[in-house]
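Think of it as A, B, C, D, E, F and G in the order they're written, each chain with its own count starting at 1.
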Amino acid sequence: MIDLILKTALVLFMLAIALSLYRVIKGPSLPDRAIALDTIGVNLISAIAIVSIVLNTKAFLEAILILGILAFIGTIAFSKYIERGVIVERKSAD
Amino acid sequence: MIVVLSIVLPFLAAALIPFIYSRFKKVHLGWFVLVVPVVLFSILATYIPRVANGEVFVKTFEWIPSFGINITTYLDGLSMIFSLLITGVGSLVILYSIFYLSTKESLHHFYCYLLLFMGAMLGVVLSDNLMVLYVFWELTSVSSFLLIAFWHHRKASRAGARKAMTITVSGGVAMLAGFLMLYVASGTFSIREIVANLDVVQSSAYFVPAMCLVLLGAFTKSAQFPFHIWLPDAMEAPTPVSAYLHSATMVKAGIYLVARTTPIFGGHEVWFWAVSGVGLLTLFWGSFNAVKQFDLKALLAYSTISQLGLIMCLFGLGSAALHSGYSTESVIYTQATFAALFHLINHSTFKGALFMMVGIVDHEVGTRDIRRLGGLMSLMPFTFTIAVIGSASMAGLPPFNGFLSKEMFFTATLKITELDLFSLNSIGVLFPIIAWVASIFTFIYCVIIVMRTFFGKIQPDRLEKPPHEAPFGMLISPYILIAFVVGIFIFPNVLGHYILSPAMASIYPMFPSVEDMTPHIAAWHGYINTELIMTAGVILLGVLLYRVLKKWRPIYQLIPPSFTLNALYERVITSSENVSGRATNRYMNGNLTYYFVYIYVFFVALLAGYMIYADAFSWNPSKDSVIEPYELVLVFVMIMAAVAIIFAKQRITVVLLNGVLGYSVAFFFVVFRAPDLALTQLVVESVTTALFLLSFKYLPKLKNEYISKSWRFAKITISIAVGATVTLIGLAVMNYDRFEPISKYFEDSYNLAGGQNIVNTILGDFRAFDTMLEVVVLFIAGLGIYTLIKLKAKKGDADVESK
Amino acid sequence: MKVNDVILKSVVRGVVFIVFTLGMYLFFAGHNAPGGGFIGGLVLGSGIVLLYLTYDIETVHKGMPFDFKKVAAIGVLLATGSAIASIFFDVPFLTQADGYFDLPLLGEKHLSTVTIFEAGVALTVVGTLVTIILNISEDE
Amino acid sequence: MESLMIVLVGILVAVATYLILSRSVIRVIVGTAILSHAVHLLLLTVGGLKKGSVPLLGQAAAPFTDALPQALILTAIVISFAVTAFLLVLAYRMYLMNGTDDLEELGGSSDE
Amino acid sequence: MNNIIVLPLIVPIITATLLVFLNNNIKLQRIVSLVTMVFVACISVVLLQLIQNEGILRLDFSGWMPPFGILFVADSFSVLLVLAASIVTAICLIYAFSTIGERHEKMYFYPFVLFLIAGVNGSFLTGDIFNLFVCFEVMLLASYVLIALGGGKIQLRESIKYVLINVVASWMFLVALAYLYGTLKTLNMAHIAQRVAEAGQDPLLTVVSLTFLVVFGLKAGLLLFFWLPGSYSVPPTAVQALFAALLTKVGMYALFRTFMLMFPLQPEITHTIIGVMAGITIIAGCMGALAGRDVRTIATYNVIISVGFILVALAIGTESAMAGAVYYLVHDILGKAFLFLLIGTMVLVTGEIVVKNMNGLIRIYPLFGWLFFIMMCALVGIPPLSGFIGKVLIGQGAVETESYVLLALAFGSSIIVMYSLLRIFLASFFGETSINEEDKMPIPRSVMASFVLLAIFIIGLGVGAEGLAVYVNDAAYTLSNPSVYIDAILNTNK
Amino acid sequence: MLGQFIINLFIATLWFLLKDDPTADFTTFMSGFLVGTLILYAMHRFFGTQFYLRRVLKIIKLILLFIRELLSSSISVLKHVLDPQLKITPGIFTYETKLRGDYQVTTLALLLTLTPGSVVMEVSEDNSTFYIHAMDIEESKETVIRSIGKFERAILEVTQ
Amino acid sequence: MNVNQLIELMAALLILVGAIVSVISAFGMIRLPDVYTRSHAATKSATLSVLLCLFGGFVYFWIHDGYVSIRLILGIIFVFITAPVAGHLVCRAAYRSRVPLAEGSGDDALNEILFGEENIQVKEEVEATLKEIK
């Protein structure tokens, strides 16, 4: 029962990823794509959590945290790229 | 021991030359060099009686014993002839050169090359080991290259040297292959041992190929048709070199090789026809072409070609003796061999003298063009004498040694027709006919040499210098040679007994005695035979034809210049260069995409091709694990993302989609129970994406790539083919379960390596070495990026280095 | 109007400690759980990258005045050094010494030279990662 | 699942190949990145999928999934990262020097 | 346990890393790097002797028994190559001292060279196929940096092509490894060989081996040599020489190991294909060398010719061919470095690369000219220089197996080699000189020293061929009898 | 507040060590922490400040506020998404805040972002003005202005 | 079915709800008219879904294995804090890179402040051209 629910949830998350992928591909603007990628990352976090339950292992819990961190860093990087063209600035640029 | 010394001494002397040259500036270097051949000749001469008694001198030094390559020196009758020629003519040429070459020339180079050459030649004729023989053989090519190119500021010298080197080294390579076949067939590189176990070699499949390859070496070196084309061009060398290399020694290395290998190959029909046929053809072609030359040296070059053909032909005829074995009827053939050896020596004497004569003319008058020469008889009487005697001998007139050997040649060609061997009874008649025709041309060009240079009107305005007789020193050497020309005619049997007979024994080692196989030489047999009539005919027709030379000269124009062998050679070279250039530039066009296409096409053709050919494909999904629906969706996501990358117009989309792929891969790592991988993949993918973004600051935006329909189709086809190949092999591989993975061992990681994370223990312990190197890779990349950014080419750098 | 990064900077100031802690945790956890020198190094490096993203090069450099090339080089030396040390003990190259030690306060612990090796790995990763990103950013 | 993964790998390889045959250096580099994804999945798949538990001794029971390919992939990932990083910098330096990243425009047989 | 085996890899790595801290002390960098290479060369000599006494040596890293851990295996074949590579690297370093320039030296030139040689030596010594991949990458990364270092327009253009092709090749290598592990489930080369023998090398295993053929063919320049001419002609001379001497050799080495040790059982397929590839390589190389108008092009196509030549030996596969291949590999490592150093110096002193624009160099630089001549003769295989014995033995192998086409191509190629190099010699060294004695650019002493050293080695290798014979024979014996290798790794308990 | 927390941790550690139990684990530590909390509560007047857990309570209150906002805003977004007509008028409006400290402003911005239908897009340089994008400007403006006072108060309680 | 199992089931259902929220918000990503409105979907509902999911997971592991996962808690906190920041940053970037608001948008308080001067310039240019035409 639980397994079925979880697997259904997994499929739904994958579906959400697929939908976000559509946005990544379609755009039209860069921020659209950045947001979509962020969403994919966030959905992956959920998916990993579910897989951990399904496989009954704690081995992937770090991955969740890391993915959270990376999604965050990634979004910062993208938005800086979109906004300023560079992602790491020098002081003189301020 | 003395034999070894003969090889080593010239090399040693060559090595000492720079030293002597810098010490004794005032004395002509030639005087020091002269010592070497004179000493060697004298020492060798003392061995003549013992060799004549059938003694041989063998000495072995180990060089590369592991591969059967040892320096075995071997002095027998055959080697003796050649050694004496090399050192004897060598002495005379060096003596001559002392007067010919002024001290302004770079004599140290000249004599160094000459000594190298002398040593190499002695090495060729005194080596028993085929490989060592080859070593010296190639050294003769190299040193003769250097000698021909001595005046390398002249374009013609360089061209001549290149041609000579290309052709002779090519022949040498073929010969090497032949030697290797002999080795594989017999198991030894020693000629003596091969001869001692002839059956093994002769019954081997390698026999005929080896023979042909060895002959290629011999023919190229001895300027046999159609490889003779290098010899006229080699006349760019200083005349002493021509006199030495291109009359007496190097060109005779091929003759030596034929003589030396006659015991092995002789008696075979192919050998007979190849050697005698090519010799005959060369004889004719050389003499025919000599007539049309205007440059005296070129004329002599063609004459040399022709004479070498003659000798070669005689050796070919003589080889038949080995077919019929030791019997009375073999005498006919052995006499041919005898004649060959005899003419070999005679040719060295008169041709050496003639070359020196031409050198004198050139040296004193400044030209060798017969159209500009004439009437020198009164001004240069001594030189004239050399020309007359040398030419007469060459033309086969008495009382000179050339007459004797020419007569014997006629005898051999005539006798050969009488026998029903190798279908000689039908086409054998060609031998005397062609020989006779060639002799007529020979006579004509001999007349030309004498008449056009020394008779007629002198044309002082067309000469470079006012003509006068040569200095005494320059005349010594040719006169010594002339003395031999006459002397041999008078005492031919001394030569026959001490020199020629022992050599016969080397060529027919299996014959119990060669005494009864060698003829007694006589100038007059006491009756008028066919040979004599032929000679008379040669003189008559020759004189006649010389008179009307202008009338028939146009036949030389019948062959258009573009159809000559020389033109053919040039055309082959240029067109192969051009074709190569075009072909290479076509596929090596600098466009990376093409290179990738080649690689992929090869990849698919080889792997898929072999898969199909060997029917190696199999697929059995029954053992697969189940596919969960969410996995299916993710696969779909990945495929969509991947395909979308192809169509993406913006670079950032491309990178984001690649990120999607990377994250999906990470998720698969989760699903497939690889936590460490998932973690690493996630971080690395993010950092990679960040790097892309960082670099985009400096990179251009994506352009719309215009590509033709056909190219797009080709790209798609290749891509699908590559993907399909990878998949097909992958599926088959998944099906292969013969072996247990070694990784079962690692499951005991806690006890073995004290860690519970198997992957980590593999990385940190079982395969820590990989990890260590991978850290190094990372470090190199980081440091590399640093240098790439910090070390920029300077603006002004013309960078020749990378033109 | 100039960009006001107050939100980003405030959040990152807190978040970066989580990242560093996680990095250290992963580094030490590696032997028995997912993690290890590589991942630890990568996460630590990511933390530094996060700082560079949020602040500017000069500010971060003031806080962490290292030559990261040399950090990486030290990492390589640590990794190879821990490997080559085995030669002097006459055991096969790369053999790691380990054992269980009873330490005051910490109790019995499993200690291994693998940790030095892994530390080398981690340092190299951090050093290289930052070198790469810094240098690309600084290029003109 | 294995077969499906292999097919996926094939598709990724095909896409990568298509990109590698592009004129733009960026596309080629992305092509190599995709290729590396494909190869990592391939390596993982040949080790057998879902045939055992996570290779952590404390947390699950045997049989474990084949850990060796995982270790290999880890090495490969790191190397891939190093190479891609270098490649990117090289690409942009090349672009800054040559003014184009178009492989066809770049051209150039070695003897010009 | 033979920790000494790892030294040819680990010592260069450690010194290279240490040199990173010394990048401003050029003198010390030079000394340390040279000493390192000389040390490695000495180690190889010691190893050769050890192998003679004790048979094949192996070092199981961390003490894990094969096939589970990674190990280094030193047999005569690999150690001879390590020796040659180390010598040539030392010489190229000497050449670099006065030519590479301070800017490069401060930008870690020496560390990169040391990393390169570490990768090369590791590739020769490793007994684990995945570790071979990693060693390749160490070598390649270093080569990527060296080829692009300080580059201008064309250098960077060619660099990126080189890097991209090699990256794709590396991924193919991983694909091949995946197939290998998927079928044989092991990575130890001896163990692979054992399992292949056990399975009788069925068609699928042959497919796997052919995947490796593509990969190593790319690295070796066997048929897939397109990357080679461009990339070998752009970096600084010392680097060119190192590339020409080493890079393709590693690929060739891997091919020998693959088809003589691991997958030797289907020679009628694999060796035939290699033969065809080698033949085409020779032809293409000859065409390129014939067509070349500049010294670099001619030289690079000569590299391609020699690749074909050596792999003809692999296609033939007999013991004598193996001996020939080993000799020729060692010879070619020295000879190709020599060739590239010489032509690089020609370019340096004349500022020209086109053959016909250089004239009469021998009058101004006599020793230089004669060294070129010696190098040329050696590459052609003219005895008694270094190329000779290898050529003879390979030819002997070809005759034994009656591979006449290969024999003709291989021997024929030496004529083209001669023709192409002779063209350089005649046009550029001979002839009227266009440079005045006063304007001549002096050739630095360390450059001449490197030439003379190479010449000594080349002559020594030819004249003293017997000195190596015992090792070469051992190498050839091991190559043609894979069980010797397998037994040394798997069936002994050291 | 920090001082009290450190003392609490110290007490927990002491407890942990005093137990000298080989099976000691996180729960032991937690019980020590609880003991410490009790002690601190008993003594907090001596410090002359609030009992620190009271601040903690306020933080929790703030977090709950966050969660509530998150829930309601999510539901509102979902409603919009699922609304077949999609009748919205997005737009950007400004909001002036009294808060000035970096952390205060940040927290408020985060909170506002989580408020139904609004995302803070810019903060003026002096931290005074928020520029907020609203999914449906009419609806959001109202909500924001209605709840903003509440947020500011909660934040102030925690930070002061 | 004991209490534990019931709680586990509840956790699973929580996850399912999260999944549904996720799909809807992803659907929103497609349906909503511009990047700003889409960012609402991303920063709010998507965040909610992941929080639900992680919380479900936390509860499950706690009940099922008696395992209190600090990592999951940290993850929850992390996502909770960073999601709005991400939304803020992307929206700001979008606006500053001139991604237009959807048609039919209402007030735009930022336009004047960020691009005021440029707008005036553009306006003047337009007027100038108009004048010329006249």
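Side notes on the structure shown:
Criterion: a residue touches a chain if its C-beta (ideal position, glycine included) is under 8 Å from a C-beta of that chain, and two chains touch if they have at least 3 such contacts.
Predicted model only: the values in this text are computed from it and were never measured.
If you take chain D and chain F together, the chains in touch with both are C. Across the two candidate interfaces, D-E and C-F, the one carrying more C-beta contacts is D-E.
Distances between chain centres, each the mean of the C-alpha atoms, put B farthest from chain D.
Of all chains, the one whose Cα centroid sits at the greatest distance from that of chain G is B. Put simply, the C-alpha centre of chain B and that of chain E have 26 angstrom between them. Between chain C and chain D the centroid-to-centroid distance comes to 25 Å (mean Cα coordinates, whole Å). Note: centroid distance chain B to chain C, computed from Cα atoms, is 63 Å. As a whole-number value, the distance joining the C-alpha centres of chain B and chain D reads 49 Å. In chain A, the residues touching two or more other chains are 10, 13, 15, 17, 30, 34, 52, 55-60, 62-63, 65-66, 69-70, 72-73, 76-78, 80, 83, 86-88.
Counting partner chains per residue, chain C shows two or more touched chains at residues 1, 3, 7-8, 11, 15, 18, 22, 26, 32-35, 38, 43, 46, 49, 69, 73, 76, 80, 83, 94, 96, 128, 132-133, 136-138. Touching two or more other chains at once are residues 13, 17, 20, 61-62, 130, 134, 137, 141, 144-145, 148, 151-154, 158, 161, 164, 168, 175, 178-179, 181-182, 187, 229-230, 233-234, 353 of chain E. Listed by chain label, the pairs that touch are A-B, A-C, A-D, A-G, B-C, B-D, B-E, C-D, C-E, C-F, C-G, D-E, F-G. Across the complex, chain C is touched by residues 102-103, 105-106, 109-110, 120, 122-125, 127 of chain F. The residues of chain E lying in touch with chain C in their complex are 1, 3, 6, 10, 13-14, 17-18, 20-21, 59-63. Across the complex, chain C meets chain G through its residues 1, 3, 7-8, 11, 14-15, 18, 22.
Of all residues in chain D, only 1-15, 17-24, 26-28, 30, 33-34, 37-38, 40-42, 44-47, 49-59, 62-68, 70-71, 73-75, 77-86, 88-93, 95-97, 100-104, 106-110, 112 touch chain B in the complex they form. By the touch criterion given at the top, residues 3, 8, 15, 18-19, 22, 26, 29, 33-35, 43, 46, 49-50, 52-54, 56-59, 133-134, 137-138 of chain C touch chain A in their complex.
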